[in-house]
Amino acid sequence: MQEISLSNSTVNLDDEGYLLNLDDWSEELAQALAEEENITLTDSHWEIIGVIRHFYQEFGLSPAMRPLVKAVGQQLGPDKGKSMYLMKLFPESPAKQAARLAGLPKPTNCL
Amino acid sequence: MSQKSILLILSQAPYGTPNAREALDIALTSAAFDQTVSILFSGDATWLLQAEQNPADIEQKSVAQVCAALPMYDIDQLFVVTDDAEQRGVEYQQSPASPLGSDALSAFIAKHDVVLRF
Amino acid sequence: MSTLHTLNKAPSNSSLWHDCQRALQAGDTLLLIENGVYGCADDTFTAQIIAADIKVYALRADLAARGITLSGDSGVAVASDDDFIRLSIENNKVISWF
Amino acid sequence: MKFSILIYGSPHNSQAVHTAYRYTKAALAAGHEVHRVFFYGESVLSGSFLNAPQRDEQNIMQLWHELALHHDLDLVICIAAALKRGVLDPTEAKRHEKPAHNIEAPFQLSGLGQLTEAILLSDRLVTFGG
């Protein structure tokens, strides 16, 4: 288990950095997780985090890459609904990294 | 990798056993690997298409929600055996699955390369 | 394009037998395995299928385990494990009904 | 010919795992290739070395184990199905902070993608359900 310290609390994470308790998510947590991965969250990142959280709410799944690209395209327009665009924002692996920052479970249908 | 036409026949009810959900996970994964998967809802699996499922009180995830996600995974070849749904009184009319009569079943099944049935 | 179907439940599981039966096409093969071989105890279950130009086999080990013997004129053939492999190859795909 | 085997039935509550075993053995004996055996659903319980049947009863884990060593078989247990049923290898036991594990080589945990790959690369996929 890992921990991450926020201003008023400490949040538990699993060994891969995903939240143990999904209700612990906050924007401050997303910031802190992003810093650990050397990502500075811009509006473009927040848009994607919003899309992926909405996806989880609607379907009960953390999306794999293809459905994530599709959801982003539907909600933010075709220019952003491209894997290249997501790779620039989340270079490690967009589906996994965005799910982690958004406080969702690790996607199980990933490659 | 090569392409094969994969048909997944679901026959079990959405709740009570994990079968339906585990079968859908095969579809989601195959789609993530860029494979074309068709899904046929037959028998008690026609209940997956029932409107207004709310499994919150039995503390299970909604299988209907997963079905709703299928088009996002580009799984849009969905079919329902209408005789089975109607025999059970399933309210499937709003679902995106195309109707298939049981007399057309054997020909439909025969045209796929790989058929998994759960 | 023909299919090998395997069926592993007794005919008392009538919805499974019904679902399997309506998926069979002329030229297909049905192999009864496990409790499916109880379908050989009464010819009426298999006679209808055979009449539709479907070959019907029952797996030897499962017949023996359950004490089921085939009546000579039932039209059902006994299959060894090797026959199961051969039938899987002779047909284009295998669908399992369970 | 290249086969892959998908097992779905429980080792304790169905005959599926044993029928699949006999099938695999017969395919190998006839000189065919078995590309992968994929354990899904309740069949993941087959891999546990903590199953302790009576000495005079069948030990299905042992049967598969010996067949795999003899023929260099790829025995894959679906990781998602396994974890929720308490089937873990040392790595997953550590990751989930569990005090024990119950599977080891030649069984290995992997994702459902291994099933998709097996479907694509095999001439026949044969399912054994519960």
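Labels for the chains are A, B, C and D, by order of writing; each one numbers its residues from 1.
Just so it is clear, contacts are C-beta pairs under 8 Å (C-beta built on N, C-alpha and C of every residue); 3 or more make two chains touch, one makes a residue touch a chain.
What you see is a predicted model, and the numbers here were worked out from it, not measured in a lab.
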{"item": "Cα-centroid distance, chain B relative to chain D, in whole angstrom", "value": "26"}
{"item": "Euclidean distance of C-alpha centroids - chain A vs chain B, Å", "value": "29"}
{"item": "Chain A and chain D: spacing of chain centres that average the CA atoms, whole Å", "value": "33"}
{"item": "Chain centre separation in whole Å, for chain C relative to chain A (CA means)", "value": "50"}
{"item": "Multi-chain contact residues (two or more partners), chain A", "value": "108-111"}
{"item": "Residues of chain C engaged with two or more neighbouring chains", "value": "93, 95-98"}
{"item": "Numbers and ranges of chain D residues touching at least 2 other chains", "value": "8, 80, 111-113, 125, 127, 129"}
{"item": "Topology of the chain contact graph, where touching chains are joined (line, ring, star, complete, other)", "value": "other"}
{"item": "Touching chain combinations (by label order)", "value": "A-B, A-D, B-C, B-D, C-D"}
{"item": "Of all residues in chain D, those that touch chain B in their complex", "value": "6, 8, 40-41, 80-81, 111-113, 115-117, 119-121, 125, 127, 129"}
{"item": "For the chain C and chain B complex, residues of the former touching the latter", "value": "1, 3, 15, 19, 22-25, 93, 95-98"}
{"item": "Residue ranges of chain D touching chain A (in the complex, touch as defined)", "value": "80, 95-97, 111-113"}
{"item": "Residue ranges of chain C in contact with chain D within the complex", "value": "6, 8, 33-35, 61, 81-82, 84-85, 88-89, 93-98"}
{"item": "Touching residues on chain B, where the partner in the complex is chain D", "value": "1-2, 4, 6, 18-19, 22, 25-26, 29-30, 32-33, 35, 114, 116-118"}
